Structures are given as structure tokens and as C-alpha cells.
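Just below sit the structures, each encoded as C-alpha cells.
The two complexes that follow have subunit A in common; it is paired with subunit B in the first and with subunit C in the second.
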Partner chain A sequence: MPLALRELQAAFAVHVVGGERADLAGAVMGDSMSADARLRIYRHHVAYSLGSALAATFGTVHVLVGEAFLRRLVQSFIGQGLPVQPVLTEYGADFPAFVAGYEPAASLPYLADIARLDWALNVAFHSPAGRRLAAADLAAIAPERLPSLSLAVPEGATLIGSRYPLDRIWNASQPGAPADTVDLGQGRADLLVLRRSGDAAFIVLAVGEAAFVAALIDGKSLEGAAEQASHADPSFDLSTAFARLLSLEAFAALQQGAEGEG
Partner chain B sequence: MRPAAGIGLRSPHLAEIGRDRPATGFLEIHAENHLGGSPARQAIERLRENYDFSVHAVGLSLGSVDGLDETHLGRVVELVKRLKPALVSDHLSWSVHGGRYFNDLLPLPYTEEALDVVVRNLDRLQEALGRQVSIENPSCYLGFAQSTLTEPEFLAELVRRSGCGLLLDLNNIVVTAHNLRLDPRDWLKALPGEAITEYHLAGHAVNDCDGEPILIDDHGSRVGDQVWALFGDALRRYGPRPTLVEWDTDIPALPVLLDEATRAERMIQQVRADAARAA
Partner chain C sequence: MTTTRIAIASALAAALLAPMAAQAQGSMEKCYGVVKAGKNDCQTATSSCAGTSKKDAQADAWISVPKGACEKIVGGKLTAS
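Right after this comes the complex of A and B.
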């Protein structure tokens, strides 16, 4: 009795991720090349192609751990969760958390944060560029309204805080970077990852700036965010920080009518 | 779209094509690579001024017994409505089961049951797009004992029942025929030729499997001699169509890819000249 299509696809789905379905080989025509050998081609391709997609998305992790280690790491990850849709640049949101718990990578404590950075760059790259807030936009707003203004980061932007100097590790991993070692004791890094016109990039933020951006992302007004930033860093200066972030196009343009809202 | 030779547009070549706008018949993109808002998507929208486009999907999973993923379908529809490509296509295969995506063109048994499933999914796709979609013959590494139709018979029946077009991949015919011990020329004979909307050409690898050579559809080299020969047969039998050269792994410098397309273009011109002389 041949397998119904639903059963056949269910069996194939088990097989390609490494499971055993004895009834599947019986459904496949073998000759001098066995049914099992033919089935293995599909299993190998699924693992290899998904692994290659993850290697491309997490390019810095790839450079840091090398090809052989990365292949083992991504195969373990794929075993825990296949993509749920076919856009492979959107596969791997859970990978940084997986890396954090991956025992063989325990000697690289910054690796999960680098995976978060790779993911954030990937998300920013695939987000629409969108219009950014410019100084001229603010000129149209009555000065007394500015403290209560809410600002958003651009679509696809991510704020990443790490105990490790992620920016230096990332820079040292780029093609052609000098073979300098990075001192992990150089301390924390706060990065705002953004879509740029032709790519994605990150801005290195001072502690106060990071607290300021985090508060804005949380929905605080400019005034509330500045207060939070001063808590984090008493030397925080709103006008300096704001001018710098504005010049780096770190905010999305105001939504229509937002400037009129209290 | 005129029956000329074009190339698959891949990200390593995007900047060069955007700058130099080299002459080629058309550009084909993989739908799933351009559903977001990346700079590549913007660059492609700009290239529409200079090139005809073909949108080739790899993840609609037309053979899935579960039906289509409506969210993904909606994104592909949005892309197609935006780019207004001359051709839209996907494969005779499945890649989704139980909400999980395998990123492979998995094989179908060629049965009445599978035919019903593919026709149902194709109807949904063509309805959502409001246009004809072409279906590509896949590379196969196995056959199912329960199949009651050959692959060309299955494709011909799909055309009859759904009104779809056929994207004839000559490399996939060579790969499948070798791996399943078929004659590629026999395979090519029995198609509804008027339904063919496009040809695909690509390179394949030869790997070892159980001590025997197996052909792997890796799109990682120049088009092989056997594929060129079969392309010539297809041109003479069915006539010129838009013809794509695909290269997806170990992607070469753009001139190499364009050179392959030029060879395809010369064959198209030759067949056209021969037909004109014979008429």
C-alpha cells in the first residue's frame, strides 16, 4: 500500500533532519544506487544549505570560530529549530540565545553578543531606509513643545549593550583588518545598529547616550529620556548628545501629526 | 518579452550591473531574496528602467499537501505587483511541511493525488497574482515506486488543468535523466511546447554516491556540453524562448556569466536564422 502524500511528506520531513523512517526507503526506487543513498542526498543538502544561510547571516561569528566549529554549531541549532518560512535572511533570530547556551563555545563569552550584533546588522540591512529626522524638521516645532516630544529610532534599528568591546571585536574580524588582539578588559560597548543608505552599520554610544536612546525606545519623552541619561552618566549633556545623534541620522522622521501631540 | 538570453541577478554583481548596465536579454531574481527593504531591493527597482525582469520563487512549495503559506504568498504577490515582471515561476516540488521550511526542492511522487495537490496550490497562486505562473522541472535524485506518470506527463497534465506555463530547465533534465537512468531526449519529446515560456541553463557537479557518479544541480560552474546539446534540441523542437543562465555557488566575475549568456544568445539566433532559411 503506497504512502498517501501527507504521510510521504511527513516521513520525508523526519528523514531530512536526521530522523529514521523505515517506510520511506520502501517508497523510493533503488537500483545499483540504494534508496538510502539517494535519500541521503536530500538530507545532506537541507543541512548544508541551511547551515550556509546561517553562516552568511552570522558572518562575524563565522570568522571568529572558523568553518569546522561553525558547521557543528549551526547543525546543533538547525536540529533545534528549522525555519518557519522561506526567507532565509529572516532565519536565526534565536541563534544568539542558542550560542549563549552552547557549551563548546563557553570559552568565548562574547560570542553570543557578536551573534546579536550580526543579527541586528542583518535586520537593519533588510529594513526599508525610511526618512530620518533632520534639524530642519525640529525647526518647525515650537520650542516649548520640544521637551515632551517622542522620538523613534529608524525601522529595523537595534540598541545592543554588551560587557565586551563588541565594536573592536567586530572591526578586528573584518577582511583586511590588522591582526591586533582585542583586550576584553576594554570593557562594555553600547551600539546602535542602523540601516544606512547602501548598507547597515553601528554607532558606538557613550553610556549616557545609550541610556538616552534606550529611554526613547521605551517611549519616554525627550525630557524624560534626558533625565534617565543623566542618572546613568551625570556628565550627560543633552544638546551635545542630541546634536551628535541627529547628525548620525539615528532617529526616524516624525510621524505625520506627531509634532502636534503633547 | 523577446526570446533573448538573460542572467540570474546575484548580489555580488549588483553594483557592477547598476553602474555599467551591460547588455543582456533580461534579469531574473529569486523572489525570496528580495522581500524585505534591503538596498538590493531598491537597486533592482532602479534597474527596471533598463531591463525586463523575471521573478523566480523557490519557496512557495507548490507540492505541499498542507497548501500554500498565505503570509509568504502575500509577500510574493506584493513583490510581483511592484516589479511587474515579464515572467513569474516556481518549481514542481515541495519544501514546507508542518510549518517548517527545508530550503530544498523536495521530490513529489507523480500520482493523481499529487497532481490534485499541485493544481490546487497553483490555482491559488495564479488567482492571488492574477496572472500565469510557469512551473520548472526539478533536479531529482530519486523516483518513487508509486508514481503512475512520468515527469513530462505530469507537467503536461498540470498545464492542461491549471493553465500554467512551463519553465524548462535543461540542466535539470540532464541531472534527473542521469540520476534516474532516463534518456534526456525522450524526456524532452513529450511536452506541450506552446506552454513553454522560458528555458533555464546552469552547470552541475558530479559527485560520488555509493561508488557511482551522481549529478548534483549546484549551479556552480559553466553550462556543461550535454546541457548545451539538449538546449539545441529544445530550440529546434520548441523554438526560441527567453533563456536564463543561472550561477548560484562559486559565483564568477560578471563577464564570465555574460559570456555564457552570449553563447545561449548565439544559439537562439542560429535557430532563428535556420528557421527563416527553411521557411
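Right after this comes the complex of A and C.
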């Protein structure tokens, strides 16, 4: 009994993510291969392609858990939902949250945060290379107007805070990294992930710097951000931190008219 | 302007004059570079073909133990906060 097109498509969608639809095989003609075997090719194709895309996007997670565990992990994730757009590098935004709730990975409490870092690097890498703010751009502004200025991080940049030393874990996961262990007791990490020319990168921020950047992302002025940073870390040195962030091109260039108020 | 505001303005202005070389040292991790760029097309015809030859993922043995670089990350269960 042939299925209506809409039902056939719905049954096929269930099948490719691993569900069982007994009525589907009856609606597909076999030839040199049985309908079952032919349908499985599509299932494998979807699982393998999406799994490989996720493995590439979440490269650090991949290295940390190993091939076999990753395949199982991504398979469980794919079973929850197929991509909703055609670009595979945009698939996996929900993966970090999925990892956080993935029972077999519960012994690796930092894994979800590493997935967030991998995703942020992926987003940064595929972001447009907008112009960055340089010290010279601000030199033209009267110093007394600087505190009221608002600055934005570059498009595609993400600030990630974790209670785990993500930068050290990331470093230990790189090819050729020394066999030294990383102690999770080394504490929190705050990273600003952003695009660099032809690359993605992260900056390790001190507590005060992280509060400063977070406040600017929230739309606070430099003055408001400086106060928030001093609150987070009483030894925060505004001048040093601002110089460092400028030299690392951590801010987007000013929009026209952004320096207008004061 | 308040005293605080003047101090903030001075600190920000001073940052614009700081020597560049001293600031940037060792402060950024390069993450992908050429390697990632070369992977941009990894989901094309090659893996499509490879997919047809893989055994059914559903039939894989249940894998509950991560076996990778996570062996180098220690102390996880001790950090409660």
C-alpha cells in the first residue's frame, strides 16, 4: 500500500535518525539490494556526515573523549534533531547543552564548557573580518569623553566563563601537547574568543578584565565597565587592561557617530 | 566631572600611549589556522561515499567510558563549587 508523499517523507525522516518505520520498507522498491538495505544507506549517510561535521566542529571534545565515545555522543545528539539549515558549520549550536545533560559524560564535568569553547571558536572562525578598534582611533577623541564611550566586541566574538581551567584543558588537548596533567582545581577561566585573520583565537582574561568586557557587552560605558571591573577585582588596573585589550584587537571599530556624546 | 571620572579618563588616555610590543606578548592562543581552513569542505563527496560503507551505528556496542586526552585532566570530582 503506497504512502501519501507527506507520510512517506515523515516516515523517511524518522528512519534516517534511527527510528523504526516498518511501513517504509513496503513503500520502497528493492532491486539488486533489498529495500531495507537501501534505506540503511541513507541512515548511515546522514549519521556519518552529521557526525563528521560535529566531530570537526567540536574538535577538542573529540580529542578529550576519543573516537568511539564521540561517535556515540554525536549519534545521540543527532537523534534529537536534524539541522534546520543547509550549512553544516552552523549545525551544533545546541550541542554544548546536550553534552551538559549527557549522562555517560557526567564524569567529565568540564566537557560541556569545552564544547562551548569549540562552538565559540567555530562561530568566530566563520565570522566576517570587520575592522577593529585601534588606539589611534581613540587618540582623536578628547580624553574627558572617553569614559562615556561604549565599545563592542567584534562580530562573532564570545566571552566564555567557566569554573574549570578551559585554556589549560584546551592546550593539553592539542596535537603534540606534553603529557602533563591538568588539575581542575586550578580554577576558573575567562576567555574572549574572537576571529583573527585566517584563524580563530582566544584571549585568557583576568577576573577584572572579564568583568570589564562583560560590562561592555552588556552595553555599559567604559566608565561603568571600569567600575564593574574594580568591583570584581579591587586590584584591577584599567590602563594596563585597556591597553592590552586594544593591542589584541578585542574591540570592533567605532560605528559612525558612536563617539558623539560626552 | 567627578574625581573618579577624571581618574578613569586619565587611565584610558594613558592606555592609548602604552607601547604595543609590551602588551601583546604571549597573550593569545591561535586556534585553527590552516588546519581548520583545510577542513571546510570535509562534508562533501568523500564522506558521503564513506558513509555508505559504514556499518549500522545502531549496532555499535554501548560505549560508556571516554578514552582520550581526558585522562590528562585530573581532580574533576573534587571541585564541588
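Just so we're on the same page, the second predicted complex is superposed on the first by the 256 of 262 C-alpha atoms of A that agree within 3 Å, B and C clash if a C-alpha of one lies under 4 Å from a C-alpha of the other, contacts with A are read in each partner's own complex, and residues count from 1 in each chain.
Please note the rule applied: a residue touches a chain if its C-beta (ideal position, glycine included) is under 8 Å from a C-beta of that chain, and two chains touch if they have at least 3 such contacts.
Here the structure is a predicted model, which means the values were calculated and not measured.
Asker: Once chain A of both complexes is superposed, is A:L3 in touch with subunit B (first), subunit C (second), both, or neither?
Answerer: first
Asker: Just to be sure I read the superposition right, which of the two partners does A:L54 touch: subunit B = first, subunit C = second, or both, or neither?
Answerer: Touch status of A:L54: no partner.
Asker: Is A:A135 touching the first partner subunit B, the second partner subunit C, both, or neither of them?
Answerer: After superposing on A, A:A135 lies in contact with subunit C but is clear of subunit B.
Asker: With both complexes superposed on chain A, which partner does A:A13 reach: first (subunit B), second (subunit C), both or neither?
Answerer: first
Asker: Look at A:A229 in the shared chain and tell me whether it touches subunit B only, subunit C only, both, or neither; answer first, second, both or neither.
Answerer: neither
Asker: Looking at the overlay, what does A:L88 touch: subunit B (first), subunit C (second), both, or neither?
Answerer: After superposition on chain A, A:L88 lies in contact with both partners, subunit B and subunit C.
Asker: Which of the two, subunit B or subunit C, is in touch with more residues of subunit A?
Answerer: Here the partner covering more residues of subunit A is C.
Asker: For A:R38, select first, second, both or neither according to whether it touches subunit B, subunit C, the two together, or no partner.
Answerer: first
Asker: Going by the contact rule set out at the top, does A:D199 touch subunit B (first), subunit C (second), both, or neither?
Answerer: Once the two structures are laid over each other on A, A:D199 reaches both partners.
Asker: For A:V153, decide between first (touching subunit B), second (touching subunit C), both and neither.
Answerer: After superposition on chain A, A:V153 lies in contact with neither partner.
Asker: Please identify the positions on subunit A that touch both subunit B and subunit C, taking each partner from its own complex.
Answerer: 41, 45-46, 49, 53, 88-89, 125, 198-199
Asker: Quick check on the complex: what are the subunit A residues that touch subunit B?
Answerer: Those residues of subunit A that touch subunit B are 2-6, 8-10, 12-13, 16, 26-29, 31-35, 37-39, 41-42, 45-46, 49-50, 53, 82-90, 125-129, 155-156, 195, 197-199.
Asker: Please output the residues of subunit A touching subunit C within their complex, sorted ascending.
Answerer: My answer: residues 18, 40-41, 43-49, 51-53, 56, 62-69, 71-72, 75, 88-89, 104-105, 107-111, 121, 125, 135-136, 138-139, 143-144, 146-147, 163-164, 167, 169-173, 177, 179-185, 196, 198-204, 222-223, 226-227, 237-244, 246-248.
Asker: Please give the residue numbers of subunit B that touch subunit A in the complex, ascending.
Answerer: On the subunit B side, the touching residues are 32-33, 35-39, 42, 58-61, 64-65, 69, 71-72, 75, 94-104, 106-109, 111, 113-114, 117, 141-146, 179, 181, 209-210, 212, 214, 216.
Asker: In their complex, what parts of subunit C are in touch with subunit A?
Answerer: Per the stated touch rule, the residues are 1, 4-6, 8-18, 20, 23-24, 27-34, 36-37, 39-40, 42-43, 47-48, 50-52, 54-58, 60, 62-70, 72-79, 81.
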